[in-house]
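So, here come the structures, one by one.
The following pair of complexes shares a single chain, chain A, combined with chain B in the former and chain C in the latter.
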Partner chain A sequence: MAADAAGARRTPWMLLSPSLATISLLLIVPMLFIVVYSFWLRTATGADQVGFYFDNWIEVLGDRFYRDILFQTLLIAFYTTVICALVGYIPAYFVANTRMKSKAFLLLLLMLPFWISYIIRTMSWINILGTSGALNTLFLSMGIIDDPIQMLYNQQTVVLGLVHYLLPFMILNVYVSLDGIDKNLTEAAKSLGCTGFQAFREVTLPLSMPGLAAGSLLCFVLAAGTYITPIVLGGPRDAMFANLVFEAIVTQLNWPLGSALSLVLLALLGALVVIYTRYLGIDQIAKSFK
Partner chain B sequence: MMSGWSVIRIATILVYLFLFAPVAVVILLAFNANQFGSFPIEGFSLRWFEALWNNDAIVRAFKTSLLLGLLTAAISTTLGTLAALAMVRYDFPGKRTISTLLVAPILIPEVVLAVALLLFLQFLSMPKSFGLLLMGHVVFTLPFVVLVVQARLVSIRRDVEEAAMSLGATPVQTFFEVTLPLMLPAVMAGMLFAFTISFDDITGTLFWKPGGVETVPTQIFAMLRNSISPEINALGAVMVIFTIALPLVAASIARVMAMRKTGTTK
Partner chain C sequence: MDDTKRYERLLNRFRDGDISRRTFLTALGAAGVTAGITGGPMGMLARKAMAATPEQVRFDGWGGVVSEAFEKYAFAPYTEKTGIDVVSGTFGGADEYIARVKASQPGEFNLAHLSGVFDYARYHGLELTSELNEANIPNLKNVIPTLIDPLRKITGGTLSAVPYDYGTTGIAYNRKYISDDEAKAKGAKLMVDEAYKGKIGGWGEWKTRIWYGALQSDQDPNGIKDIDAVWDMIRAHRDLALKYWSSGAELMSLLAEEEIYVTEGWSGRIKALQDQGHDIGYLDPAGGLGWQECLFVLRGSPMAACEELLNFMLEPEVAIAVAEGQSYPPALDPQKIELGDTIPTLPAFDPSGTLASLSFFDPAYWNENEADWSKTFSRVQRGY
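Up next, the complex of A and B:
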């Protein structure tokens, strides 16, 4: 019996060990490694000077250039999140409350963007907003404009692309929250004299906050970590922080500097995740997988 | 005056349009006969698909993506299913920490994950390779598999396994004869998820891929940066059809399998 009990205690660890080994070796150790690496120096000859230098950190934290782009990144992520929350709440509310038979179909449609490639969805805006895109063709044929106008390659189109990419995350998270609300609560509020809008403001909105918060966290973190959208839809001045990381690592091959840059990004976004899990728990995000 | 509800309904339709119209335009333009592959629409043509088929670089990228996706799905699903089993079926000290650790690759921005893995393996003198790509994709997809399988595993009742064991099946027999068939839909869902994420990934892939190797997304990205070639919409259309058809086919296979199973027990 004792051997059995010991065996049963070992079983979960045996099942977990391949995953834990993978995550430790390919994620945890590499993360610790770049912390160390960020204190090394890349010399002019291209070799790394092992040691404990603060040069990369002084450059990353002290240079205005990096600070401005960091600020711009957070601003873009903030705009994206706010727009996603405002725009995404409505369809989530509709799908959660509709009595139509098509509810399942509407939900399926919401899942669909997750299956459509991110790069395709991003580049699809070139077909809409580009100089020979749908809008310019339409305006030209209607005689509203005489020459195609360039609507692409600015900060607004970067935000647009990100909203288009991240909106389903927001809608789904808010939907999960809204769907879990007992409909009797709003009915009760109304029977106690609330107007429809008051019932929404006092009952539904507060109860949907966990979903709104989870969606916002996802949108913000994913938006702030992107470098593809600014390259495809942004202009030369719309670089985001992850673009700097990519430049440092892949183009300039300055790995110690790239390590420091990615750690700044991690610290900022990681802090958000930690604050969020402290107050709301990570389970809320896992809910949308069910 | 319109009621609040109809305003909400119209707004919902507009949001759905916003989500799908650009993609619909990609598919529309893919069949456009216009010599630049852009507006105006000049008639139906399959010329861009033909051009795709004859473009060696794209065909090669497609094969790379397919192989990478299949290997990632196989490895990730095996690891993730075992982990999900442990999380759902057992209680053990430190479970919360382990659960956070298992989803850690999602919590860390993908760029940071990509940099860390790349630099660590370069430090170990491992060059950029297909193997590095595969390792990266496995780490990155693992949490999704764990979450998806875990979510569905909860609904499988324990008694069936206990019944099998009380009838004399060994734990290993029970797993292969009872548990695995019951959790097959969950495992398939996880595998599909891993495949699609891997097939679609670009953020990490651009860091990890060796020079000269392209996956479909990085190929599209390269085509976008050089000059927007008209084939790109056709490639987009193929990818959309591929990633949407796959879950639908999988879902119908699962349904047929489930029907056959209930058919035999009757």
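Up next, the complex of A and C:
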């Protein structure tokens, strides 16, 4: 009996062991190495000095420069998320409620951007917004402007590039949420005297909040961790926190400092996810609108 | 005791019956895990074993026409003669490559087309240099001595690389908006001229920014007395600039599309733009920046095989073809080798072979300040 009980206790762990091993090897062990690295130091030659030093942490946590860039990063991520939410809700609503037979085709169109490299998609804005780009060429040919407008290489184009990159994530999350709403609920609201807009505001929008929240979290985290977009579409000053990580590790060969920086970003975004799950989790959001 | 001896001793103990097969394999396995996670003796042993009888050597370069020329004129005949394959890889920048090498085991990367002399010193600082047997590279005698000497100085008289080509980072300007006379009169200060605000570019690399900041503040870049004045010039340039470019392709695009009118630029890339019909002027200002590229052999590589490949690559036919492909003069001494009709027309070409008119990074000076300056530049770039 005792042996059977022990075997029964072991079975779930045995079944879980491949997953646990994979997660440990691919996530936990590399993360631990980054933690260890963050306590090392970079020598003058670029080699690492093994030891247990707090210098990197003191610098990262005590230096205003890093705080400012972190704040700027969060701000850009926030703008991106808000725009994605506002812009993404409409197509998600349309796809979820369309009676067209080609709904699957519309969903395929949503997935289409993922087939093209993110870098290529980002760079495409240079051909659209550049001095010799499509927009300037169009405006010049129509006589709307006399000289090309400088639209590229500023924080707005960084946000634009991020919205372009992240919009499909938002649309898909909202769509899934909208698609799961029982259509009878809006019909019932209308039968009780709601106008179409009131039914949307009182029924559809609250019930779609879990998807909107999940999409927002995803967009925010991905936006805050990007570094390609500021490089391609930003000006000299435009940088996000991940650019500092990239520079520390690649340009300055300062892996210990880069590790400390990346852990700060990880901790911050991880904390956001934890707070979201704990206090604004999907269930909590749904309940708050009941 | 080095790692090879340590391994041989372990093997001998097993053969002599001093340790069991299980203990031997356990020791090897433990070393393997250690090497896999941290690098170390097992990894080095594996690479040393590979280096002893190489079936292939790995070459990393900038890709494009340069790699095509290498493939056609050097790698193919080399493989035909030696039976050793050349695995060709590419990288986007010197910093990216050194980060990859730092994360690798010795022997994983063999040869690379790198920037000298600064990076040569960095690799030496990271103990990644090797020691070439120059007797195996007879074509080395055709290389400009001025390019070899700085490398030799860093590695104590020996070489870990052979110089391959050289060029300059001068001022490129759109002649539609900036005349040759104006560019010549203003020199490096053209890039901090408020008249061109929003139409100025620059390479977002700390060394080049500081070099030009020094010129703009009337200082010797290899002996800066007032670094604050340099940072001020970099700030002035930053506030006037539209974009810091990060690759040759981006540089060419910004100039060709007239997003910017003036920037510093790489001589070969500007020549390529001119060849495409763009009216771009190019000026090496007083104290303008010269540089060389070298073919570097990394520590742990199969030396004899690499030396033979270097000799192939220094054959005049190969070096000239590559030079014409990338529009940078080869490191071959024009006083010793006939370089044909095209090479003398390339920007930065010095028919005397002395390169006396060019200024190069003083590797000792710049490496000494690298950690501090690269970090400070990152801040200045972001508005500090």
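Keep in mind that, in the parts below, the second predicted complex is superposed on the first by the 249 of 290 C-alpha atoms of A that agree within 3 Å, B and C clash if a C-alpha of one lies under 4 Å from a C-alpha of the other, contacts with A are read in each partner's own complex, and residues count from 1 in each chain.
Just so it is clear, a contact is a pair of C-beta atoms (placed from the backbone, for glycine too) under 8 Å apart; a residue touches a chain by one contact, two chains touch by 3 or more.
Given the structure is predicted, the values throughout are model-derived calculations rather than measurements.
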Self-check item: Overlay on chain A: chain C relative to chain B, clash or fit
Solution: clash
Quiz item: Regarding the shared-chain residue A:G270, is it in contact with chain B (first), chain C (second), both, or neither?
Solution: first
Self-check item: First (chain B), second (chain C), both or neither touched by A:A44
Solution: second
Quiz item: What is the contact status of A:I249 with respect to chain B (first) and chain C (second): first, second, both, or neither?
Solution: both
Quiz item: What is the contact status of A:M31 with respect to chain B (first) and chain C (second): first, second, both, or neither?
Solution: first
Practice problem: Using the touch definition from the top, say if A:L109 reaches chain B (first), chain C (second), both or neither. | Solution: first
Quiz item: What is the contact status of A:C194 with respect to chain B (first) and chain C (second): first, second, both, or neither?
Solution: neither
Exercise. Quick one: name whichever of chain B and chain C touches more residues of chain A.
Key: B
Quiz item: Which holds for A:L205: it touches chain B only (first), chain C only (second), both, or neither?
Solution: neither
Quiz item: Should A:G235 be classified as contacting the first partner (chain B), the second (chain C), both, or neither?
Solution: second
Exercise. Look at A:I181 in the shared chain and tell me whether it touches chain B only, chain C only, both, or neither; answer first, second, both or neither.
Key: neither
Quiz item: Taking 187-195, 205-213 or 241-249 from chain B, which overlaps chain C after aligning chain A?
Solution: 205-213
Exercise. Indicate the residue numbers of chain A shared between its chain B interface and its chain C interface, in ascending order.
Key: 29, 33, 126, 130, 132, 231, 249-250, 255
Quiz item: Which residues of chain A touch chain C in the complex?
Solution: 29, 33, 42, 44-47, 65, 69, 126, 130-132, 150, 152-153, 231, 235-237, 239, 244, 247, 249-255
Practice problem: Could you please specify the touching residues of chain C with respect to chain A in the complex? | Solution: 37, 95-96, 98-99, 102, 122, 125-127, 198, 202, 204, 206, 238, 241-244, 246, 253, 257-259, 367-368, 370-371, 374-375, 378-379, 381-384
Quiz item: Any idea which chain A residues touch chain B in the complex?
Solution: 8-9, 11-13, 15-16, 18-20, 22-23, 26-31, 33-34, 37, 87-88, 90-91, 93-95, 106, 109, 112-121, 123-128, 130, 132-134, 136-137, 141, 164, 167-168, 171, 196-197, 221, 224-228, 231-232, 242, 245-246, 249-250, 255, 258-259, 262-263, 265-266, 269-270, 273, 282, 286, 289-290
Quiz item: Which of the residues in chain B come into contact with chain A in the complex?
Solution: 4, 8-9, 11-12, 15-16, 18-23, 25-26, 29, 36, 38-40, 78-80, 82-83, 85-87, 89-90, 92, 98, 100-105, 107-113, 115-123, 135-136, 138-139, 142, 144, 146-148, 151, 196, 199-200, 202-203, 206-207, 216-217, 220-221, 224-225, 228, 232-233, 236, 239-240, 243-244, 246-247
